[in-house]
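Two complexes follow with chain A in common, the first pairing it with chain B and the second with chain C.
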Partner chain A sequence: MQIDTQKDTNISAAPPKKSLSPWAIARKKFVQNKLAMISFIFLVIVGIISFLAPYITTADITRVNIADMSLEPSSKHWLGTDKSGRDVFTRLIYGGRISLLVGLSCTIFVIFIGTLIGSVAGYFGGAVDNLLMRFTDFILNFPFLVFVIVINAIFFGKVSGLWVLIAVISFLYWGGIARIVRSKILAEKENEYITAAISIGCSPAKVIVKHLLPNVLSTIIVQATITFASMIVIESALSYLGFGVPQETPSWGNMLNSANEPDVLQYKLWIWMPPALIITMTILSINFIGEGLKDAFNPKSRR
Partner chain B sequence: MSANKSSLKEAPMLEVKNLETAFDIDGTFYNAVDNVSFKVKPRQIVGVVGESGCGKSVMSLSVMQLLPKGIGKIKAGEIVFDGINLEKMTEAQINKIRGKDISMIFQEPMTSLNPVFTIGYQLEEVLFNHMKISKKEARQKSIALLKSVGISRPEKIVDEYPHQLSGGMRQRVMIAIAIACQPKLLIADEPTTALDVTVQAQILELLKSIQEVNDMSVILITHDLGVVAEMCDEVIVMYAGKIVERTDVETLFYNPKHPYTTLLLGAVPKMEQEEERLSSIQGIVPSLTNMLKVGCRFANRCPKAMPECLTTTPILAETDYGHEVACLLYETSKPREGVR
Partner chain C sequence: MLKYSFRRILGMIPMLFLISIVVFTLAKLMPGDGISGEIDPRNTDPQYIAEMREKLGYNDPMPQQYFRWIDNFVQGDFGKSTRFKIPVADVISERLPNTLMLGITSILITYILAFIMGSYAGRKPYTFGDNFIGGLNYLGLSIPSFIAGVFAIYLFSFTLGWFPSNGSVDIGVTDGTLEYWLSRLHHVLLPAIVLGLLSTASYTQFLRNDIIENSRKDFVRTARAKGTPERKIYNVHILRNSIIPLITFLGFDLVAIISGAIITETIFTYPGLGQLFLQSVGTRDYPVLMTLTMLFSFLTLIGNLIADVLYGVVDPRIRLD
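== the complex of A and B ==
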C-alpha cells in the first residue's frame, strides 16, 4: 500500500519516464484482476508440484500392493490408496505431470499449426486461402472420437502411447484456431500500416511475423488458454473411456477411470474425488486466466 | 541542388507507359486505370488531381506494386523506374527497391503506423531492411531523421508509441520513414487530407524542403488544387481512370483546356466573391462497372458535350507544346485515319 502511494506521488510530480507499451498496459490490467491472478498462482503451484513430483514423494507409482488395497486416507497414505493399493496422492501429482504435459504440448502444437495455416491463408488470400481453408474444413470434418480410437488401435504397443495421443489430438484440433486466426488476419491486413510495411520493403514472411502476428497475438493467447482447458478435458475424457493415456501411466483421467465401478463411486470417494476436483479447479482457473487476459487486452474494458 | 528544374534531355525518373490496372468485380476485371502514360523527371514534383474514384491511388499503388493480391492486377503496360521495369519484377526484387528507391506516404496517418511498436522501432526497421547498420547507428539515425522532419524532443519520441502522437506528428514520422533511405522517388498519396489546415501547410512545406534537400522526384496525389498550385511543377488531371489533361502548373491554372479541369478549377471557392452556394460539377464519377465503353467518359457530365463525344473516344495529345489534352473540342484529340 505504501509503495503504491509513493508511486502515485511520483507520477503526479513528473510524467513517467518510459511510456507504456500496449503489452505493459495489458500486463498491468491483468495483475490487477484478482480472480485471474489467484487462478494464475494456483495453476503455477499445481504446475510446480507436478513437475517436482519425484522429489516430493518417493512412493512407487506403479507398484501394486494387494495388502494396501482401497485404504482410507491416513497419515501414511494422505489421500488413501486405490483398488490396486497404489497411493492416491502420489498418483495425483504424477498424474498432473501427464495431464498438464498432454494439455500443454497439444496446445502448443495446435496453436502453432493453426496460427501458421490461418495467417498464411489470411495474408495471401485467393487460391492459397481457398486451398488451406478447404484442407481445414476437411480436418474439422473428421469424427474426433472414432479417429482417436482407430489411430490408437493401429499404433497400440508400437509407439509410446502418450505421444501418439498428443499427435492425434493436435492433428485433429487446429482447424478452429486456423479459422479464428485467418479471420483476424483478414481484418488486420486491411490496415494501412500493413501496406506501409510492404512499402518499405518488408517480405511477406516479415510482414506476417513482425507486423500482423503481434497485432493478433492477444486473440491467439486467449484462444490458447481456452484450448489448454479443453485439452485437459479431452485427455481426461479419453483416458476415462480407456482410449487415452496408456493405463499403466497415471493421469487425472486414468484415475477417474476407476470411478466407473458403482462400489468405488458410492463408497470410496477418496479414490476418484481428488482427481475430479483437481481437474475441475485447473480448468476453472485456466478459464479465469483466459477471461482475465481477454479483459486485459481489450482497450475498452476498465477494471 | 541545381536551381534550374530538370532539363529536358534528362532521362525520366519514372516512366509509365499505357498502364492498365484492373480490379476483379464478380469475376470480371474492370480497368480502374485505363491506358495511362506519363513521365516524372528527376527532381520534379508531379501533381495528380481528380475527384475521388478517378484512379489516382490505384495508379500509385500500381507503381509501387502494392495492389491488393488476388483482386487487383496490372493488365498491360510498363512501369519503368530509373531504367528498370518494375512490373516484371518478382516480389523479392521489388522489396529491395520499395522503401529504398521508391517510398510512399499514405493518406491516413492515424493507421499507417503499427500500434504495437515504438516509433524508433518502425524507423529502424526500414533502415535494417536496406542498410547494413548496427543497432546503435540505426537508433542515432532515426533520432536524426525525426529531427529532420521537425519533431522536437526526438530522443523522447523514439521510445513512444503511435497512440501518444498527434496526427501531424504521425505524418511527420511517416515522412521520416519514407525518406530514411533517401529514395529517388516519393509517392505521396493525399498526405495532408486527414490533417487540419495549419498542420497541412507545415507538412507541405516540410515535403517541399525535403524534396529540395534530397533531390527527390515526387508524385503528389491530391484533390486540393491549392496544394497543387503551391507544390507542383507539372499536373496530371485524371478522370475515371484516364488522364484528361497534362501540363505545367501555370498553364493549368491560367489556360485549362479540358472542360473537366475548368470545372474543377471553378469549384474552388474564391475569397473575393461572395457566393451563396459553392459551385460543383453535376453528377458523380461513374463506377467501374458502368463506365462508357466508347466515347469520352466525361461526356454525360460535360456542359460542352457534343453528339460525337458519345461515339468517339478522344486521344490524349499535345495541343500546345507541353500541354496534352484528351477532348474532342480540340482537333488533336480526334482519332486519325488508320489509328484507333
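== the complex of A and C ==
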C-alpha cells in the first residue's frame, strides 16, 4: 500500500532531545496512517454497536413472526425482515456480537497456544524442539476445513455449540503461528543480552517472557490481526455451510445462509446483502490495520 | 535433492498411518453408524438391525475394526456407500472428473490473470493502472470466497444471465460432443474464477513486487547500459527471474483447492468431491466420509511435499537436510 509518503518528514526533520522508544515511533506512524486509522475507527464502532446490541434494540431476535415475513426495508424495519419475519438490522448487530466474539476468542487461543509452543520449542531447541515441531507438522498436515467440519459434526447437539466451535478451530489453527514464533525466537536468542540474562541466573520462563517475547511481540501482533481476519472468514464460512454456529443463534454467516435459496438471492437483496457487506468491510478494515501495523513496526519504512 | 524427496516420501507413511487412526476414531465418535443413517428404526425390526450390526462387524473390538478397515483400504476396497448402495470408489470416480476440471480450470485462470496483471503492475509501478490492480487485489484478498460466490451468482447468473448458477453440465446434451464440453466449460468458469480469487490476488502481488525488486538489480542496469530494448529487459531478463518463484506456490494451490472446493462447490451446487463430502457428513455416509477425508489428507500431504521440494529446486541456496 502506498499512502502519502512525503507528508510525515517531521520526525527526522527536527530531532527531539530524547529519541522516541520503538513503541512510541510505531504508535506515531500508525496514527498518521490515514487508511489504518479509518479502518480502526470503523472496527471500533462496529465492535461497540455489536456488544451493546441488547441496549440498542429491544426486539426479540428469536421469535418467528409470520405476519412480517420478508418485508422490504421500511421505517419500521430499517433493513427489512427475513423469511421468518425477524428484523434484519437487529439480527445484524446481534450477529456481529457472535461473529466478533468467535473471531476474537479464537484469535486469543490461537495466538496463546502458538506463542507458547513456538517459544518453548525455539528457546530450548534439541529434543524438545524436535518433538514439538513434529507435533506442529502433524497438526498442519490436516486439511483444516475438512477436519473442523468432521469434528464439529461429532459434537453437534451434544455440547453448547459456540465454545465447541471455538475450541475446534483454535486447536487446528495454531500451527502456523507456532512456526513463525519459533523461527523469530531462534534468531533472537543468539543475541548477547540473552546470554547475559542466562548468566545472571534468570530462569528459562523469565528469559522467554521478559527478554525474548517483547522482542518478537511486533511479529505476534501483526500475525494476530491476520489471524483475526481469517477467523471471522472461517466462522462465517462454516456457519454459511451449516457447520458453524448453531442455526438459531444469529451470526453473520448464519444470516448469509439464506442466500442459498435462489428466490432470496435473486429477489430479496435486503436479507443477504447487509451481512455480506459487513463481513467484507470488517475483513477489509482488519487487513488495512494489519498492513498499517506491519508498516509501523518496520524500522525501514520512513514515515 | 532426490535423496531429500525420497526421505520426505518415506516420512509420509507414518504420517498417513497416524492420520488414518485419527480419521477412524473420528468416524467412530460421530453419532450413529452406517445403519442408523440408512434404516428408519421405527419401521424396521430391532432384531434385524442388531443382526445387521453383528454381520457388518460393528460390535467387534475397535482395533479389530480399524485393521479390517485399513487393510481393505490399502487394497483399494473403500467399502460401500450406505447412501448410494454402490462401492465408494464408484461414487468418488463419478465426481472426481468434475472436481479435477474445476481445480485445473481454476489454476489456469489464476496463472493467466496473475501473469497479465502482475507483469503489467510490476512494469509500471505507482501508476494509475498499478494502483487499480492493487485495489482489485486488496478486494480479492479481503472478500471471503463464499461471499464472492454469492455476489457472482447474483450478478453474473441472475442479473446478467451470462453463466449458469448450478450444475456441471446442461441437461440433454450428448456426452462426448463439442457441445457437451463447451457446456461443461460454461458451467465451470464462474466457480473456477471464484475459487482462484484469493490465489490470483496473492500471485499478482508477489509477481509485481518481485519484478520491481529485480528491476533495481545490477543485471538489469547492465542490460540497460548495453542498450537492450526496455521491452526485452522486462520480457526476457526480469520475467525469467520473477516467474520461477511462483512455481513454489503450486503445492499450496493443491491444499487451497481442497478446502476451496468444499465451499465453492456447495455455493454453485456443482457435483464434485467437496459437495459430496458435505453431503456425506449430513447423511452419515461413513464409508464415503472416511475415504474422502483420507483422500483430502493425502492430497494435503502431497501438496506440502511439493511445496517443500520445489522450494529447494527453485532456490538451491535453501539447504534441504
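Here is the rule we use: the second predicted complex is superposed on the first by the 284 of 303 C-alpha atoms of A that agree within 3 Å, B and C clash if a C-alpha of one lies under 4 Å from a C-alpha of the other, contacts with A are read in each partner's own complex, and residues count from 1 in each chain.
Keep in mind that, in the parts below, a contact is a pair of C-beta atoms (placed from the backbone, for glycine too) under 8 Å apart; a residue touches a chain by one contact, two chains touch by 3 or more.
This structure is a prediction, so every number in the text was calculated from the model and none was measured.
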Partner chain in contact with A:191 - chain B first, chain C second, else both or neither: first
Touching partner for A:200 - first (chain B), second (chain C), both, neither: first
First, second, both or neither for A:22, with chain B first and chain C second: first
Comparing the two partners chain B and chain C, which touches a greater set of residues in chain A: C
Touching partner for A:112 - first (chain B), second (chain C), both, neither: neither
First, second, both or neither for A:140, with chain B first and chain C second: second
Partner chain(s) touched by A:163 [first = chain B, second = chain C, both, neither]: neither
Contacting residues of chain A [partner chain C, same complex]: 1-2, 137-138, 140-147, 149-151, 153-154, 156-158, 229, 233, 236-237, 240-241, 243, 256, 259-260, 262, 265-266, 269, 272, 276, 279-280, 283-284, 287
Interfacial residue positions of chain C with respect to chain A in the complex: 15, 18-19, 22, 26-27, 29-31, 126, 131, 134, 138-139, 141-147, 150-151, 153-154, 158, 165, 255, 258-259, 262-263, 266-267, 277-278, 281, 289, 292-293, 296-297, 299-301, 304
Interfacial residue positions of chain A with respect to chain B in the complex: 18-19, 21-23, 124-127, 191-193, 195-204, 210-211, 214-215
In the complex with chain A, residue positions of chain B that touch it: 64, 66, 69-70, 91-92, 95-100, 103-104, 106-108, 111-118, 125-126, 129-130, 159-161, 164, 174, 177-178
